[in-house]
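Should a chain be cited, it is by its letter among A, B, C and D, assigned in written order, with residues numbered from 1 in that chain.
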C-alpha cells in the first residue's frame, strides 16, 4: 500500500464519477456521480495525511466535514429533484433548459 | 495491510463501476452503496476507523437510503432507459482523458519521503479534541448548514397546497 | 453735481425706465409710456446740459474695472469728450422727438407700452455705446443696440415679414460683429488695453503698432462697421428693417443703430488714419455703396424704402468723408443726417398713417399736400438730403466732397451719388406736392394692412416734426461750433469750390422737376425708359436673391449635410455600437444551451487537457 | 469656521432629502416635494455661505475635511473647495432648487422621482468637492447612474432607447476613465489618491502623461458632450423630464468638463499640452457642428440639445487653450451655460407640460398667448446667443480672447460659429415664439407663481453675473490666477 496506490484509487473513482455526471440523464444518476467524486477526494485527503503527515488528525476532520456537507447536499439535491419531478414529471437533465439563451427576447426595442 | 487495501479498493471500484454503468437507477444506487463500503474499507486501512464508521453510517445508511427513496418516488416512468451510445462514449472519453492526465501527474510526482506518526495522534480522542477545539468553527458551521439543509429540504418538497398560491402557477 | 454724475443720470434713466415699463406695460400702457417719456426728457436735458457745459473742454472720464482679462482690467464707465457729447445730444434729442411722436403714432397700438419699453432700452444701449470709454463697453452696447433694434423691427411679431426682417437685420449685423469682435480681441492683444483714449493716443505716436497688424485690425473693425452701417455687401437688411413701426425706422436710420458704425469709425479715426490700405478699402466700399443704393432709391415706389436706400447712400457719404481723412466732414454729416433723416421718416410715417399706404404715388394722389406741416417737413428734410443750398445737408456734403478733392475717382462717385440723391429726393417731393392724377404711373405698393382711421394731426405728431424742421434748416450753420467742440477747425470751402456740387444737386432737382414736377409730367422717371436697368434697380441689383441662393442656401446645405452626418453617421455609429454589443451577446448566448452535462463536460475536458499538459511537462 | 464641516453638511443635504423621501409614503406627494424644495433651498443657502466664506485672496483649497476611508488602498474622504468648485457647487444648488420647483406639478411616481433626483444631486456635489480621485470617481458614478431610471421612467420620446444610449455612452466614458485613474494611482507609487499630491510636478513622466491624458480627457469628455461622442446628449435631453434635463444639461455635463480641468489637465499638464491642439480642434468642430445641426432640428429640445453641444464646445475650447483667460472663460461658461440651459429646459418643459408637443413648426406667436412663459424662453435664447448683459457673453469673450491668441484659426472659426448660433436661435424664436399665432394653443395658461419663481431666479442669476462678471471671475481667478 503506497501513497500512489491510494491516489490512483481516488483518481479512478473520480473518473468514474465524472463519467456518471456526464453520461447520466437521470438526475439521481448524476448525484451518484457526484458522491463518487466526493469520496475520491476524501480518499486523497486521508492518503496524503497518512503518508506525508504535517498535522495529525486534520484530514479526518476534513473528511468528516465533507461527509456532513455531502449529507446536506444530498438532502437538498434530492428535495429539488423530487420537486422537479412533481412539477415536470421528469428527472431528465436534458429537459432542464430553462436558462438557455433564446436570442429573441434580447434584441433591441 | 496491503491486502486489506487491495480488497477494499477492488470492492469500491467494482461498486463504482456498477453505480455508473447500471441502466436501472436503483441498481446504480446499490452499486454506490457497495462502492461506499469499499471506500470505508480504504479509510479503515488508513488508520481512520472512526471516519470509516461514519462513512458507512452516513453514506450507506443515510444518503444511499434516501436516494433509494427518491428513486422510488420519482423514476417510476421509465427507470431502465439507457443513454445513447454516443453520449456515453463522449463522457467516457472525457473521463479517460481526465484519468490519463491524473495518472501522468501521479506517476511523475515526487512526494518525498513519508514518515509515520504514532497511532495515538490518529486516535479518536485526538479527532474529538480537534473537532471541538481548533476546528470548532467548522464544526459549528457544519451543524448550521445541516440544520438549514433539513429546513430547506422540507420547504422545497412541501406540497403545493401548502405554498402561497401564485408561486406555483407561474412555474407550471 | 459733477459732470459724471449727470452722466449717470443720463445713462441710468432710460435703463430704469426700461425695467419699469417692462413690468407695468401689461397693466398700464400710459404709465409705461410716461415713464419712458420722462426718462427721455431727463436724458435729453442732461445731454444738452453736458454739451453746453463741457463742450470744448478737455475730455473727462470716469470708469471702474468691469472684468479682468489678459492681465489688465477692462473698464466700464463714461467718457465725456467732444465726439461723445455731440453724438449723445443728437441721440437723446432725436429719441425724445421720436418718443413724443410715438405718443400719437402708436396711441392705438395694443403693444404701445412694450414699444416704449424697447425704445428706452434702445436709447440706453445707444447712449452707453456713445459715451463708452473703452472698446469693450462699445462692443457690449453695440450688440445691445442690435438686439433692441431686433425687438423693435420685429415689434409686430405676428407679421412674418417683420420677424423675417428682424432676423435678417440681426444676423447680417452679426456677421459684421464677428469681424469687429475678432478685431477687438486682436487689438486687445496688440495694445493690452481697450481704453479708447489710450488707444488713440498710442496710434498717433509712431512705432507703437506694427503696420500690418494695424491694417488687419482696422479692416476687421471696418467689417463690423459695414454690417452695422449697412454698407455694401451687408446693406440689404436696412431696407427690410422698415417693417418695424415708422418711429423705429426714424430712430434706426438716423441717430441710432446705423449711426453706430459711423460713430465707431469716427471714434477710432486716429487709428484708421494709420492704415492706408484700410482707408482705400473704406473709400471704395463707401463710394460704391453710395452709388449703388442711390440707383435703387431712384426707382423705389415705397416712400420709406426710398429713404432707407438714401440712408445707405448717406452713410456711404459719411464714410467717404471719414475715409478721406476729414473727421469733421464725416462727423458733421452724421449729425445733420441724423436730424433730417429722422425728420423725413417722421413725415413719411405721418403720411402713411394718414393714408394707409406706403406708396408715394398713392399718397400724393390722396392729397397729401393738404397736411401742410408735414409736407413742409418733407420739403425741408428732402432739401437737406439733396444738398439744397443753405440747408443742413448742404454744408456737410460740401465738406465731404471737398475732402475728396484729390481723389478724382471717388470724387466722381460722390458727384454721381449726390446727383442721384437730389433726383430721387425731389422725385418723392414732387410726387407728393404735385400729384398728377392722370399720369401713367401705377400704384405699386399694396395698402398697409393695419391701423387706419385714427387720423391724428395732433400736437405730439407735429411738434417733433416742426422741431426737426427747424433743426434741418439751422444745424448746418453751427458747423463751427461743432468743430470747436470736437477740437477741430472747420474748413469753409469757397464758392467756386462749392459750385460743382451745387450744380450737380440743382441738376438733379431740375431733371426731377422735368420728370415729376412740371405740369403733366409723366411721373415715371427716365430710368423706366431703360427697362433692364429699371428692373435691375427695382430688384436691388438682385443682391438679395443672390445672397439667398448663395449664402443662405450654402448655410442650409451645410446644415443639411451635417444634419445627415449626425443622423446617419454619428448616431448610426453609436447605434451600431449598441447593436454590435447585442449581436455579440446573442451569438455567444447561443452557447448557453442550458445543457448541464455539456457545460460540465467542456469544463472537465479543459481541465483534463490542462493536467495532461502538466503531466507531460513533468515527464520531461 | 474650520470647526463646522460645512461641506459635509452641504453634501449630506440631498442625501438626507433622499432618505426622507424614501421613508415618506407615496401618497404624501406634496410633503415629498416640500422636503426636496427645502433641501434645495438649504443647499442653495449653504453654497452661498461657502462662496462668502471662501477667501479669494488666499486661494487654493479651503475648508478641508480629511477622514481615512479605505486605509489599505490609501483612499481617504477628503473634501475641500477651490474657486472653481465654489462656483460649480453654487450652480448645482441653483439648478437643484429650481429643478425641484419646476417639477412641482409632477404626478407620476413622485416618490421615486425625487429619490433618484436627490441621489443624483448628492453625487454631483460629491464630485465637485472631492479631493481624492477615487472618491471623486465614486461620486461620479453615483451621479451618472440615476439618469437611467429618471429618463426611462419619466421621460417622453423614445425614452428607453435614449436612456440606454446615454447609459452606454457614459459607461464607455467610465471604462476609459477608470483605468486612467488607476494608472495614476499605480504610477505615482500606489500611496495616495490625493489630487494635490498627484498634481505635484514631476510625479509623472512626460511619456506617461501623453499616454494617459487621452484616456482621461475622452472619458470625461464624453460626459461633457465632446464632439464626436456627443450623440447621447441631445437625445438624452429630449427624452428626459424637465428637471432632469435641467440637471443633465445644467450640471451633469459640467462634471465632465470639471473632471477635465481638475484631473486631466491638473494632474497631467504635459499631456494636456501635447494633446491641446487636437482636442481644441475637436472642440471647435463641436461648436460649429452643433450650431449647424441645431439649425435643422424641428424639436425644441433637440435644438437646445445641440446648442448644448455647441456651447460645451466653447467650454472645451477654453480648457484646451490652457491659458488663464481661457480657463476662466471655460469655468464661467460652465456656470452660465448651466443656468441658461436650465432656464431653456424649464421654459420648454412648461410649454410641453401643457401641449405635449415640442415641434417648433406646430407653434407660432406664443408670446401673444403666454407672454410670461415665452419671455423666459426669449431670455434664455438671448443668453444662448451670447448677448451682452447675460453671463455667457463674458464667458465666451474670455474663451475667444485666449483662443485667438493660442489657436488663431480655430478662434476665428469658433467666433464665426456665433453667426450660426444666432441663426438657429432666431429661427426658433421667429417660428414658435413670434410669428402668426396658432389658435390651437389659445387655451394655454401662464405659469403660477410657484412655477414662475424658479425661472425668475435663473434669470436673476444670469443678469447678475452678466452685469457684474468680476464677482464670478474673481472667484474663478483665485484658482487660475486670473486676477
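Worth pointing out:
The criterion applied here is as follows: contacts are C-beta pairs under 8 Å (C-beta built on N, C-alpha and C of every residue); 3 or more make two chains touch, one makes a residue touch a chain.
All figures in this text were calculated on a predicted structure; none of them were measured in a lab.
Centrality by C-alpha centroid: the chain sitting nearest the overall protein C-alpha mean is D.
A count of C-beta contacts for the chain pairs A-B and C-D puts A-B on top.
Per-chain Cα centroids separate chain A from chain D by 56 Å. Averaged C-alpha coordinates put the centre of chain B at 63 Å from the centre of chain D.
In terms of their C-alpha centroids, the spacing between chain A and chain B amounts to 7 Å. Mean C-alpha position of chain C lies 36 Å from that of chain D. Within chain B, contacts with two or more other chains are made by residues 87, 90-91, 94-95, 98, 102-103, 107. Within chain C, contacts with two or more other chains are made by residues 578, 597, 601, 604. The set of chain A residues touching two or more other chains comprises 18, 21-23, 108.
The touching residues of chain C, when paired with chain B in their complex, are 597, 601, 604-605, 607-616, 618-619.
Remark: chain B residues 87, 90-91, 94-95, 97-98, 100-105, 107-109 touch chain C in the complex. Residues 26, 65-70, 139-141, 143-144, 147, 154, 157-160, 163-164, 166-167, 170-171, 174-175, 177-178, 181-182, 185-186, 188-189, 555-556, 558-560, 562-563, 566, 570-571, 573-575, 577-578, 581 of chain C are the ones touching chain D in the complex. Only residues 1, 3-9, 11-26, 28-29, 31-33, 35-36, 39, 42-43, 46-47, 50-53, 56-61, 63-65, 67-76, 78-83, 85-87, 89-91 of chain A touch chain B when the two sit together in their complex. By the touch criterion stated above, chain C contacts chain A in their complex at residues 578-579, 582, 585-586, 589-597, 600-601, 604.
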